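Attaching a single structure in structure tokens format; questions to follow.
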């Protein structure tokens, strides 16, 4: 087992970077509003991982606290978002983000 | 006293604001009274003015007193700026020879403007409110000695003018209004930067703070050596001078920034044309004399030649364009471009004769052009056209009108015995005496000829000869067997009526009197101009 | 790995908390107001909208008292450095409360609410919530606090934007706002996390000391700052983070548009200034040696882009609300000019400009609402001939627009004057910025003047004589706003002094 | 203040008074107030006669001079110059006294005459008012002691002539003529003004006395060429007023005015003002300038004479003869025959006025028929006119015993002398032209007398389609009978028109001026008016030689220069002494030649018109090109029309186009293009375009158009762009960091 590299900061950071990338990708490409919002969640969680990893590696509880708050915020955001999306669906009869572009230029 | 003369019209405007808009007559009378009151104050100032005090720069001890007159100096804004020194703005009014003439001119022209506004029927209330606002702003520009204050008044003129042209103007008024607005604004916004730059470069000798006071700025000793516009920053000083000059030149208007003027004039209602030509254009050259040149004397001295050339271009170019006009009012507009060229030339001369001539030309052009526009308005009211070839032979049927027109036209072409001549003569004398502008003067003299050409030609086509076949009026043989003239849908008097005469006669009298005996005006300005020349001449030459 | 705190520690913690509460009164008060409003709404079941609005007005007005009391308290940290109380914060507290009040007033004047929604319900509560959030934004000294308060503001804003549930434009605006806001705040948080990683600190002051102490990896730092800036930029609606703004401003209920364009922009600036002045090193030798990585240049870029983009695109707008939206982007640019100067004078200029913007923008939107009430439209064409029909509104709008252009004798001119003075006080260094500002403001004159042009110079196609008088109270309010816009244009001493007072940032003396 | 000065001021102001009274009140006064005009002028003449008496007869002193001035404009203490004022003033010397008397007298006579001639005109009162202001300004010129006031009155004279030429302004021809006259004069005035400016820029004064003093003291800092230029430029004023070539074109057209006006202004006084002015500035004219002046004078005299031969309009003949005679005077000044020229000025004034008034009487009698071809046989009908007219004609032709003879011979003598002094060669052109013109003068005057007074009346020959114009000479030949112009009631004019004729005729007899009919030099005039000492030569000596102006002068000149350097100033400039001497010597030769010439001319006229030995029409046909050339006045009008007038009008049109399209377009930033684009877009983009005038609307506008496309309305694109920006900026710094 000793030939296995212990999991270090870099691994966390890489994962969070990937998460961020996925999140942004989802936000940019997915048509379905719900998926877009999931992308946003991914972004936030990427941040969370960073916070936790950093707080693990350079001590201090700040990161942990921060990530807790981020999670809470994410939840609230999701609630509001869903409410708005539902409202959108009521009106536009679709949740296709890319098709909702009456306001432009 | 100065505050009074500045704010009288605004007070009138506020009163009018209270008057219900149906009471047109009351509104008119209120503004007329305001204008007359302004005139009275102007006369008082003129009487009480002491020609011996030079003005331009501070008197003994760095205070404006003893150099300027009727000084009113109150602290207005005194801010502690974060980190920096404080921002001091003063409510600082005062007159010297340069401004006192302009004050009188402004009072005169705005009073006449009110009279000629009598015919305005559409939205009288709004019209007179804006008109009074404009009158105040103009007056303010001439008496303000604090750059900030000056700038406020300067910008304050734009909006009323914009609406006065835009709402009460001719068919193409929107275009003319917006064009006027943007040109002049473009000219002035950059002035703002220069103003701030100057603020940071000048210290008030008395208080030791930065100051907007033009009096302090006019004294090179008050500049911080290596401030942004201090004596060491030669490049920036040149740029600042150019920026200011363009800003004022647009108002003058100087070629090639003049194209707003014909449009504005053609569209504007008569009284506004009168104000525009009578006073607003003067603000450009006044600004040069009060701000642009004294603050940057060495730059001025370096650029006299260029300014002179632009003056010459204005003179001749304007005259030629006037020669080509079919619209009488447009012709007059171009003629004022040409005449303001004389002012520029006189300023470029940089010596007393030239500057006195320029200032006097400003005054005379104010009165004469006002007269011209009023006269054009008279015929436009009657015939609803200004096309030169739509008339002919009017002199036979409107003798009084024709007589006054002849006086005005000849005054405009600089006939001796009428005020225009003396100023033009002085301008030429000055421009020729200065080595720098001598060749320019030689060329500009042609302006006299072409001026005569377009004026006489138009005079002939409109008033002499016989009625043109497609003229804008009919002839009918009256009861007494003589031919009479008849304008379509014009009920009023054919020849000038009382109101028009009351507007025109004073101007005619002034024109003739000042043409024979100019000292009443010259006496007031000479000492200031001499001082100005002294300020402008670098020590090397002095 | 953590050991539980001893009783003594807990004692001290509680003590400091109770101490902090002393300095936290306005926020608490406002939170109470917030809940009160919800309760009232539940009780009075939306029958009496006036009841709600009046309560809100009084409540907000009341909060001024507490803020006023805070003026005499010593500046300092609260809640373990999470939160600060300083002149800067107090300035913005006043600012936000007043803007909240104005937002309520405007709302009361807007007839659209009758047609669009049954009850005002939580509307006013949310406005108050926004006020709280923004106040906290202005006073938070810790990244966590920043994030929380920002989200509080954003969420309330999302809901308010979509408040007209049955109106597609409103809902669409809400969605866009939401997505865009979520993404950019997400990026911001990620940036925060990176900074945390660099420094191990969340408190701004500690961060800056850490950074200047140990230096940092410039690449990571710039990335972090960019991400953070994305978050702030989205709040202040500056190019290139502005994309949400026009759509949201157009779609949202007009009072909310006004509110967002003034208040939440101001909150963004509060954050921006605090963060850039305190957290990240700037000025001085500290950042000279870091391979020319220069936040100021970044801000310059943004502000220039905003000024040009906002003004140029506004030329093409036919809808007044949208036109004002673009103009607000441009104004973000002008405000940034003040920030760029990075000294007390600059801050003062920015704050003063915010004040002027507050007056004239609210005024403009107010008149727009009144006109929309009568004509039911916000398109330029429908403004034709209004000058005659609603003389006071026309005059007022003209004054506000002139002020927005920045012509004397209006407050807007003073704002511009101060900004440009601040730039020129640095000699010819920022002259070119001032030039761009001047040029663009000449452009802006054009599209602003289109509105008076239509109102006065054009005749209205329909000459039917319906009563266009907006009513007594609106007229008075308009008149007052107009009066102040001009009055402060001539006698701006008190406000300028106030801005000077506000420019003292958390004890640290700006150079 | 000298009593004469006071009187002269009164004389000066009286006509102005009459102008003011008449212009405002003529309709209220009986007879439209003509008696006011006549009365006032009578007084004025009486006073100036008194002045004349005191100056010329009592103080019989060539050097007599009184002056007075007052500060008109005070420019205060001018930096670099010190106290600076512009003064107005009056100077009275012999010349002034004579001119005063002459002007007031002729003016009075014309007033009197006009009461008959203009009777019944609807603007009768205004007419006298205009005469008044003219007399005022003319007297102003005469009395001025400085260039500035001369320039002022100069222009005022131009104004009054403008007003009077266009008195019948309903006639387009009159309106054209007045404009033409004013503009032609303006051209001259510009030159004059520049000349004044040159002198002022040196001495900061306008006063003759001071300028001459400074010049004599050699204070003229510019090169001598500038002085010549100044002289010639000042002379341009004379070219304009005195209708010298190339500005002579206005005078004939000026005959559109009422005939008495032509007599007063365009024959006797105003046109003479130019000569008077040159006399005033005579002392500062450099030899070079004088040469140019002499040649211009000679050429004008000759050209006008050739034109006068073929004109058919009775007034035009006189007009051209006036031009020709003015040419003589200018020639005289040019050759240095100072007093002779002025002498001719005076004599010519009287007999030419007489001729014009006579022609006026004829026209009046002929019911405004002016074409000599339709006159004839009038001597029976109007003997008085005939007698006076003939006498004046003889004077003009320069037959002995007339005043014209003396003055003209004096000039010609001067010309010969001049040619001798200058050493012959081209300079002999001047006397030759002079004599030849003398012959032509005799010829055309003979023609006129014959056509008008002798033979049978040809009124009935007048073709119907010929509208009073001398231009359609060919209309003369297809004569078909209709007698709508039958000469019913051609009769002698009334006394108030006859009296002036008689007086003026009397004044063109020799003994008025000199006891000796052959030598004017013995007359009081030549004794009183002496050639003044030039200030140029002394300037030479003061500044030292080496000036181009003198290099060309012959040895006599150079010798004289040294003389003057030694400082004997009997004649400041020895050249003048030389001239005086030679011209005196040439006196009798001049008499002989000119008499021969005159007689030649008259006989030729007789041969052609009286005895019809040579048929004028046939000769005209044989030398048709020459004939037309003369008839069409050397085509000057056409040339000017084609070049200057057309040219400047065209230029003005071009410039205006330039203004509207280029300048405006440039400043508006290709507004045209964009406006079209804008019209396509919507109604008020036009204002977007023109609104953004000052920095190239086009670019701004299109950038706007492009940028707004970024706002796609799709939230995801927004996010993409956001990230793109962040990433791009990041990459930018990344690269900055790596390299």
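By letter and in written order, the chains are A, B, C and D; residue numbering begins at 1 in each of them.
Simple rule for what comes next: a residue touches a chain if its C-beta (ideal position, glycine included) is under 8 Å from a C-beta of that chain, and two chains touch if they have at least 3 such contacts.
Values in this document were obtained by computation on a predicted structure and should not be read as measured data.
Participant: Between A-C and A-D, which chain pair is linked by more C-beta pairs in contact?
Facilitator: Between the two chain pairs, A-C has more contacting C-beta pairs.
Participant: List the centre-to-centre spacing of chain A and chain C in whole Å, with centres computed as mean CA coordinates.
Facilitator: Chain centres of chain A and chain C, defined by C-alpha means, are spaced 27 Å apart.
Participant: How far is the middle of chain A from the middle of chain D, if each middle is the mean of its Cα atoms, in Å?
Facilitator: The answer is 98 Å.
Participant: Between chain B and chain D, what distance separates the C-alpha centroids? Give it in angstrom.
Facilitator: 37
Participant: Between chain B and chain C, what's the gap in Å when you average each chain's C-alpha atoms?
Facilitator: Roughly 44 Å, centre to centre.
Participant: In chain D, which residues are in touch with two or more of the other chains?
Facilitator: 687, 691-692, 694, 708, 711, 713, 715-716, 719 - these are the residues of chain D that touch more than one other chain.
Participant: Can you list the chain C residues in contact with two or more other chains?
Facilitator: 175-176, 179, 183, 187, 246-247, 316, 442, 446, 449, 453, in rising order.
Participant: Among the residues of chain A, which ones contact at least 2 other chains?
Facilitator: As it turns out, chain A has residues touching two or more other chains at 24, 27, 36, 97, 100, 102-105.
Participant: Under the stated touch criterion, can you name all the chain pairs that qualify?
Facilitator: Pairwise, the chains that meet the contact rule are A-C, A-D, B-C, B-D, C-D.
Participant: Enumerate the contact residues on chain C facing chain A in the complex.
Facilitator: 2, 143-144, 147-148, 151, 155, 158-159, 162, 165-166, 168-169, 171-176, 178-179, 182-183, 186-187, 189-190, 192-194, 196-197, 200-202, 246-247, 250-251, 316
Participant: Would you pull the chain D residues touching chain B in the complex into a rising list?
Facilitator: Its residues touching chain B are 72-81, 84, 148, 151-153, 155-156, 159, 166, 169-172, 174-176, 179, 182-183, 186-187, 189-190, 193-194, 197-198, 200-201, 204, 648-649, 651-653, 655-656, 659, 663-664, 666-668, 686-687, 690-694.
Participant: Enumerate the contact residues on chain C facing chain B in the complex.
Facilitator: Residue positions touching the partner: 343-348, 388, 391, 398, 402, 407-409, 413, 416-417, 420-421, 424-425, 427-428, 431, 434-435, 438, 441-442, 445-446, 449, 452-453, 456-458, 490-493, 496-497, 500, 503, 510-511.
Participant: Within their complex, state which residues of chain D touch chain C.
Facilitator: Residues of chain D touching chain C: 682, 684, 687-688, 691-692, 694-695, 700-701, 703-705, 707-708, 710-711, 713, 715-716, 718-719, 721-722, 725-726, 729-730, 733-734, 736-737.
Participant: Which residues of chain A touch chain D once you look at their complex with the stated criterion?
Facilitator: The touching residues are 24, 27-29, 36, 97-98, 100-105.
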